[in-house]
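Here come two complexes built around chain A, the first alongside chain B, the second alongside chain C.
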Partner chain A sequence: MLKISLDKLDKLFEAITASKTLYIPVDREDGAAEYRKYKSGMKLSNALNTVRSAKDFFFPQTENLVDFKMDGKNIEVIDIRKESEDFVIFGVRACDARSFTILDKVFLAEPVDSYYKNRREHGTVVTMACTRPAETCFCGTFGIDATSPEGDAACYSDGENLFIEAHNEKGQKFIDSISALLEDGDTAKLEETRSKTREILKKLPLANLSTDSFGGDKLNEYFNSDKWGELSESCLGCGTCTFVCPTCQCYDIKDFNTGHGIKRFRCWDSCMYSDFTKMAHGNPRLTQLERFRQRFMHKLVYFPANNNGEFGCVGCGRCLSKCPISMNIVKVMKALEVK
Partner chain B sequence: MNNDTLIPYIGVVTDIRQDTPDVKTFRVVSTEGGKVFEHMPGQCAMLSIPGVGEAMFSITSSPTNKEFMEFSIKKCGCLTTWLHAMDVGQQITIRGPYGNAFPVETELKGKDLLFIAGGIGLAPLRSVINYVRANRSNYGDVQIIYGSRSKDDLVDYKEIIDEWMNDDGIEVDLTIDNPQEGWNGHVGFVPNYVKELNPSINKTVLICGPPIMIKFTLAGLKELGFKETQVYTTMELRMKCGVGKCGRCNIGNKYVCKDGPVFRFDQLGELPDEY
Partner chain C sequence: MQEAMINKAKQLLSEGVVNRVIGWKRGEFAYDITPAVFENAEEIEKSFVYDDFTAANVSKYLVKESKKDGKILAFLKPCDTYSFNQLIKEHRIIRENVYIVGIPGGPKLDAEKIKAKGITGILGVKNENYTLKIDTIYGEETMPFYEAVLDKCASCKSKKHVIYDELIGEDGDTLDSNRFDMVEKLENMTAQERYDFWRSQLSKCIRCNACRNVCPACTCEKCVFDNPDSGIENKAPSDSFEENMFHIIRAFHVAGRCTDCGECSRVCPQNIPLHLLNRKFIKDINTFYGEFQAGEDITSLAPLNEFKQNDCEANIIHERGVE
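Up next is the complex of A and B:
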C-alpha cells in the first residue's frame, strides 16, 4: 500500500492545499478537536473525534437558500446558488463517513437537494482508521468497522507511517494529486496495529449492543411501549443530541429581512423542540415524551422502514458524552430491546 | 445547476373572494398568465410572502380549470393574516405541487362518491368535486354532505347553490351547527346528519374537516356498515420543505407532504396515532 511518513504530514497537507481547500481536525485552545481550514503550521489533532460531527461540510448549520427583492406588490426571486469550491476533508472517522451515506439517502433522494449535492460532488472525503476507540464508541453495532473506514480514500496509521488507499475514482484522483510524496510501504506493522485495534473494539463496554430488536417492522409495538414515559422524564428538550448528531438532518426554513431585501435561510432544527410541529390548529407532539419518542423512533424504526433496514445512527457516541442528563440512544435501545 | 424545489416561482393574485368572515379564496396565475404548474386533486402548494412566512395550502381549484389556481385560506396565523390583508395584484411565491392526490383516475373511477366536509375542510375536496363534475361520465352518483358553524361560514356557498345543486346526479346536503334566521335547511352537526341521511354503503367516501368531526363521522360511517378501505381523507401537519426532508410532518415512517396528504383510513390505521 502507498504510504507517507507521519513526520511528513505537513508536506502532505501543503501538497493538497496546492489544488484544493483542505479541512483537518485540529486541537482547539480548550483541547477539544474541531475541523478547521488548513493553514501552514497547523497540526492534525490526535483526538479520537471532533466535538461537532462532519455533517456541516455538506449540510451546514445555517445556509442561505434564496434571496428576494420586494418592490411594492412585486417580488423578485434571486437564485444565489454558486458552484462549490473543490475541497478535501481529511481525517474523517468511520462513523462520520457512514453518516454521509445516511444523509445521502435523505438529500439525494428525489427531488434532489441541489445545495447538498453541489457540496457532496465537490468534496473529497479522506477517512482515518481508528486506533484508540473510546468507551462511548459503538459503531460496530451498525456494522461499521472502525479499522476500515469508508470514504473516497482511507488512511491508516501504524504509528510511524500513514498508509493511503482509494475507494473510488474521486479517491484515486486525490491520491494521484499527492503521489509524488507517496511510496510503497510494507503493511506488516499496520496489520498488527489494526488487529490490536480490533481486539480493543471487541472489549468496548458497548460492543455487545445489538440492533436485532429494532427495524421497520416494529413500528406500533415500539411506538406504544410504556417505557417512553420513564425514558423521557428528565429530558430537558435542549436539542444538544440532535446538534452533535452526524445523522440528524431535520431543518427549518426562515426568512430574514436585511433592510435591503429578504434572505431565506435553512438551519438545523430539532424534533426535541416544543414548537417543531406546532401549527395553527394545535400540536401533535404536545409533551417531551412525544418529541423524545420521535427522535429515537426515527433512528431505530422509521428510518430503517424507509431505507432497507439501515438505521439512522452510526454509534459515534457524541450524544452519550454531551447529553446534560446522560440520556442517550444506548439507554433507549437497552430499555426497549426484546431479549 | 438544476432547478431546486426550494426555490419558488412567482404567482400573481388576480382575484380575492371573501368566502366567509374568516376565509378568502385567492386566484393565482403565473407572471405570464396561466397556471404556475399543473396538479391533481388533493395536491398542495407552498405559498409564501418572503419575510412573513411560508406554509402549505391545498389547491382548491380543479386541474380541469386551465386558467388559474385557487386557494381557500382561513385566517389563523401570521402568514394567513397577511394574505387576508393584501390586495389584488400582489405577487406571492409558490412552489409545488406536493404530495399525492385523491385516486381520481384509479380507485375512484366508476364509483358512487360521497363527499363529507366540515368548514374549511371543503377546500381540498372542492378540487375533486369539480374534477368529477368536469369528467362526469367517469363516476357514478355524487352526494355532498357539507356543514359549517353557520350559513355565513359555508365556503363556496355561491358555487354550491348556483352550480353543484343544479347538476344532474349530484345531491348536496347542507347543514349548520345552530338555527339561524334565513336558514331553512338542516341544522345539526355533520356526523349526526350523515347518520340521518343514511347513505348507501356502496359509496366511496372522501372526508375532510376538523379532526373531531372526522373522528365522529368515521365512527358513524362504520355503524352504517362502511369499511375503512372505502374512506379517504386528507391530512394536515406542520411542513417546511414539502418533499420529505425537513423531518416534521411524519406520522410513523410516512411523510404527510410526500406520502400523503391523502390517506385511506385502513392505511392510516396502521400508523401510530400521532396527528
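Up next is the complex of A and C:
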C-alpha cells in the first residue's frame, strides 16, 4: 500500500492545498476537536472525533436557498446557487463516513437536493481508520468496521506511517494529486495495529448492542411502549443530540425579510423543539414524550422502513457524551428491546 | 452517602410522607447519570445513584413535578437549594408539594475533563484519596481528582443549604470563593481583547439551547426565541454575530435571578464558559447595589426589581470607562 511518514503530514497537507481547499480536524484550546480550513502549521488532531460531525460540509447548519427582490408588484426570483469549490475533508472517521451514505439516501433520492448534491460532488472524503475507540463507540452495531472506513480514499496509521488507498475514482484522483509524496510501504506492522484495534472493538462495553429487535416492521411493538414516559421524563428538549448527530437531517425552511428583499434560507431543525412540525392547524406532537419518541422511532424504525433496512444511526457516540442529561439511543434501545 | 439517601427515600415513601423521589439514575458508564423520578423502593434499589458524577441540579424539574399530585422528595445539594429558593420566589414551585432533604454537594467531576487528558475507553472511575483511578480498556490511568472537577464546583460559593426540611450530614457555610477571578481577568483586558475572547468562545455555539433549557432561571413557558409569532424566533442566525446576541440577551434576562449554579457551562456541548457572562452581572450588582446572592432567601427584593434613591445612574458605564 502507498504510504507517507507521519512526520511528513504537513508536506502532504501543503500538497493537497495546492489544488483544493482542505479541512482537517484540529485540537481546540478546550481539549475538543473541530474541523478547520487548513492553514500552514496546523496539526492534525489525534482526537477520536470532532464535536460537530462532518455532515456540516454537505449539509451546513444554515444556508440561503434563493433570494426574492420586490419591485412594486413584481417579484424577481434570484437563483443564488453557485458551483461549489473542490474540497477535501481529511481524517473522517468510519462512523461519519457512513453517515454520508445515510444522508445521500435522503438528499440524493428524487427529488434530488441540488444544494447537497453540488457539495457532495465537489467534496472528496478521505477517511482515517480508528486505533483508539472510546467506550461510547458502537459503530459495529451498524455493521461499520472502524478499522476499514469507507470514503473516497482511506488512511490507516501504524504509528509511524500513514497508509493510503483509494476506494473509487475520486479517491484515485486524490492519490494521484499527491503521489509525488507517496512510496510503497510494507503493511506488516499496519496489519498488526489493525488486528489489535479489532480486538479492542470486540471488548468495548457496547460491543454486544444489537439492532436485531429493531427495524421497519417494528412500529406497533414500540410506538405505544410504556417505556417512553420514563425515558423522556428528564429530556430538556434541547437540540444537542440532533445537532451533534452525523445522521440527523431534518431542516426548516423560512423566509427572512432583510428590509430590502427576502432571503429564503434553510437551517437544521430538531425534533426535540416545540415548534418542530408545527403546521397551520397546530402541532401534532404536543409533549416532549412525543418529540423524544419521534427521534428514536425515526432512527430505529421509520428510516429502515423507507431505506431497505438501513438504520439512521452510525454509533459515533456523540450523543452519549454530549446529552446534558445522558439519555441516548443506547439507553433507549436497551430499554425498548424485546428479546 | 448514597446508602443513607436510599434509606431515607424508602423510609419517606413507606411512611407516605412522599409519593415520589427525584434524584439521579445510574447509566451505562461511570459518568452518564440521568436525573430521574422514582416511584417505589424497588426502582430506587435498582438504579438510584449519588456519587462524584451526580452533578445535575434537579431544582428546575420541580417546577413541573411540584404541580403533580402528592408530595415529592427532592435531594438538593447546597447550590441546588439556591435555585429552588429563587424558583419559589418567582412563584414557579409549589413549596408544600416538595419535601427537601439537603445533602452534601460536590466537588463533582466532569467526564469531559478526564477525556481531555486523552483518557478513553473508560470502564470505571474510583476516587482514592483524591487520586482518580480510572479503569480503561487500555489499562489503568490515574489523574489528580481536582483536575477533573467541574468548573462550577472549582469555584463553589456555598456549602450551606438555604432551604430544607431535613439534612443528611452536617450543614456547611458560604465560602469565600474565587469565582470572580476570571471575570476580573476579562475586565482587565482591553475592549478588543475581550471582544476577541467572547467571539472565539461564542462562535462555537451550535444553538442547541441546552444552556437555556437547563437553566433554573429560564422558566418562561414559551421563550421568545421559540415562538414563531414573536418575530424574533431564530433557529438560524441571520449573521455571524447573532449567537453572541442570544447569549448576551439571555444573560441580561437572568441578571439578578441567576444564582450562579453553573449548569449552563456544565451542559454546553461546545465547552463555552457561559457562566462568566452571568458572573459579570452578579459582580456588577454586588458592586453597584451591595452584596446580593439570588436564591439566598425567598423574601428579599432583588436589586434590579427595587428602586432606591441612591441607586447608581445608568451613566455609571461611562464613568467607569469602557476599557
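Just so we're on the same page, the second predicted complex is superposed on the first by the 339 of 339 C-alpha atoms of A that agree within 3 Å, B and C clash if a C-alpha of one lies under 4 Å from a C-alpha of the other, contacts with A are read in each partner's own complex, and residues count from 1 in each chain.
We adopt the following convention: a contact is a pair of C-beta atoms (placed from the backbone, for glycine too) under 8 Å apart; a residue touches a chain by one contact, two chains touch by 3 or more.
Note that the structure is predicted; figures quoted are calculated from it, not measured.
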When chain B and chain C are modelled together on chain A, clash or fit:
fit
Examine A:Leu219 and indicate which partner it touches, taking first as chain B and second as chain C; both and neither are also allowed.
first
May I ask you to decide whether A:Ser19 touches chain B, chain C, both, or neither, giving the answer as first, second, both or neither?
neither
In the superposed arrangement the C-alpha centres of chain B and chain C open, at the centre of chain A, an angle in degrees to the nearest 10 of 90
Contacts for A:Asp269 in the overlay, against chain B (first) and chain C (second): which applies, first, second, both or neither?
both
Based on the superposed arrangement, let me know which partner A:Ile75 touches: chain B (first), chain C (second), both, or neither?
first
Regarding the shared-chain residue A:Asp252, is it in contact with chain B (first), chain C (second), both, or neither?
both
Please work out whether A:Lys278 is in contact with chain B alone, chain C alone, both, or neither, and reply first, second, both or neither.
both
Contacts of A:Val301 with chain B and chain C, given as first, second, both or neither:
first
Thinking of the overlay built on chain A, is A:Ser321 touched by chain B (first), by chain C (second), by both, or by neither?
second
Partner chain(s) touched by A:Thr287 [first = chain B, second = chain C, both, neither]
neither
Overlaying both structures gives a minimum C-alpha distance between chain B and chain C, in Å, of 8
Touching both chain C and chain B, counted on chain A across the two superposed complexes:
252, 266, 269, 278
Which positions of chain B touch chain A when the two form their complex?
1-10, 50-54, 76-77, 80, 87, 89-93, 210-211, 236-238, 240-241, 243-250, 252-253, 270-272, 274-275
Going by the contact rule set out above, which residues of chain C touch chain A in the complex?
27-29, 31-37, 56, 61, 111-113, 115-116, 118, 120-123, 136-138, 204, 206-210, 212-214, 222, 226-228, 233, 235-238, 266-267, 269-271
The chain A residues in contact with chain C across the complex are 28, 30-32, 34, 46, 48, 51-52, 61-62, 132-136, 200, 203-206, 230, 233-234, 236-240, 242-244, 252, 254, 256, 265-270, 273-275, 278, 320-322, 324-328, 330-331
State the interface residues of chain A toward chain B in the complex, per the touch definition above.
65-66, 68, 70, 73-75, 77, 79, 81, 83, 106-107, 109, 111-115, 118, 216, 219-220, 223-224, 249-253, 255, 257, 262, 264, 266, 269, 271, 276-281, 284-285, 290, 294, 297-298, 301-303, 305-306
